[in-house]
Amino acid sequence: MPIIEMHLMTGRTVEQKRRAVAAIAEAAATALGVSKDTVRILITEHGLEDFAVAGVTVGGRSEKKPQT
Amino acid sequence: MPIIEMHLMTGRTVEQKRRAVAAIAEAAATALGVSKDTVRILITEHGLEDFAVAGVTVGGRSEKKPQT
Amino acid sequence: MPIIEMHLMTGRTVEQKRRAVAAIAEAAATALGVSKDTVRILITEHGLEDFAVAGVTVGGRSEKKPQT
Amino acid sequence: MPIIEMHLMTGRTVEQKRRAVAAIAEAAATALGVSKDTVRILITEHGLEDFAVAGVTVGGRSEKKPQT
Amino acid sequence: MPIIEMHLMTGRTVEQKRRAVAAIAEAAATALGVSKDTVRILITEHGLEDFAVAGVTVGGRSEKKPQT
Amino acid sequence: MPIIEMHLMTGRTVEQKRRAVAAIAEAAATALGVSKDTVRILITEHGLEDFAVAGVTVGGRSEKKPQT
């Protein structure tokens, strides 16, 4: 059954997403010994203020770091 | 407590969503013997490039199939 | 595609789960106008210390309330 | 590792989100005794028709309640 | 950031899981053009009564199908 | 509504979980300006082979690192 939820930052191209789900489905099916047909992948995209590491959003972090 | 996350393809009408959550909350409450008030439902919608079966997104699949 | 994740407190019987997924799949398919075959449901069970309302776990809450 | 997914109604300001993830990461790290750097937080926002309590969406509920 | 949640039926060996996460992280990193170090994968296992297709759990389905 | 799903490695004590959900609910309610009563938190625990960074599970990583 593998059901895979993938969380990404927004901004991937259609091409990147298609390549990613093709490669991940292939990888999962091979490693787990199941048919690729049983693999379902859901992508959820998150904006710059919707993902945080160490309590700081991606948007907040880039404001703090001056781009010298 | 049932907390239910429902993943759908984008494009459902408000009417469809309201009917779906009403029916699902009713179904869950009855089958599990809990008050309907305790049931919470979260809907997340996914675009055509954000759901894939067998490593192919819905968008990619419809491009491959000629609409004869 | 509806993919439904249902979070429950542990302790449901097999019978309850089977009734719940049957009723929910039927409800979702009818309300959304899709075939029941496309509905997938994942159940995740949570222990008494793994679900909290208002910052208190279910286990913690029952300790506080004397069972008069 | 704490990985935290937070579901919110849409409409929070950037400032509110940044304060929330800062406070939550701090709270989780302190309570669990891990470095704040290991805490990741994902926010998913849900529209008025994408969250339901007792089988009624937020949008549906506000229509029913006359704003006297 | 890719954060990937993978839902599996219980019963995979440690070896299968290790191979799966190695292959999926590699696939995601390559397809999305990010460092493999940024990929996090969470596995959740579901029992026979905790996954249902078309309203029937895996456990329920196997009971119905006589193994001739 | 905040609904928060927290993924942890297995092995936290009841006390740690109770402190974590109390602190997180408080933090979320204050930062978002909502009543603490509306905050729900779900904990899911993951074993050593069910969480991977950079394609290596926690269990696999500790085997590779000799504890000198």
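To keep things simple, chains are lettered A, B, C, D, E and F as they appear, and every chain counts its residues starting from 1.
Here, a contact is a pair of C-beta atoms (placed from the backbone, for glycine too) under 8 Å apart; a residue touches a chain by one contact, two chains touch by 3 or more.
If you're wondering where the values come from, they're calculated on a predicted model, not measured in any experiment.
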item	value
If a chain touches subunit C and subunit E alike, it appears here	A, F
Least step count from subunit C to subunit D, where 1 means the two chains touch	2
Far-end chain from subunit F, centres as C-alpha averages	B
Centre distance in Å when subunit A and subunit C are each reduced to the mean of their C-alpha atoms	26
Whole-Å separation of chain centres (CA-atom averages), subunit A against subunit E	16
Two or more partner chains touched - positions in subunit D	1, 3, 7, 22-24, 26, 40, 42, 44, 46, 51
Interchain contacts (touch definition) - all pairs	A-B, A-C, A-D, A-E, B-C, B-D, B-F, C-E, C-F, D-E, D-F, E-F
Complex contact set, residues of subunit F against subunit C	14, 17-18, 21-26, 36-37, 39-45
Contacting residues of subunit D [partner subunit E, same complex]	1, 3, 40, 42
Subunit F residues touching subunit E - in the complex, by the definition given at the top	7, 44, 46, 49-57, 59-60
Subunit D to subunit F touching residues, read off their complex	1-9, 12, 16, 19-20, 22-24, 26-28, 30-33, 46, 51
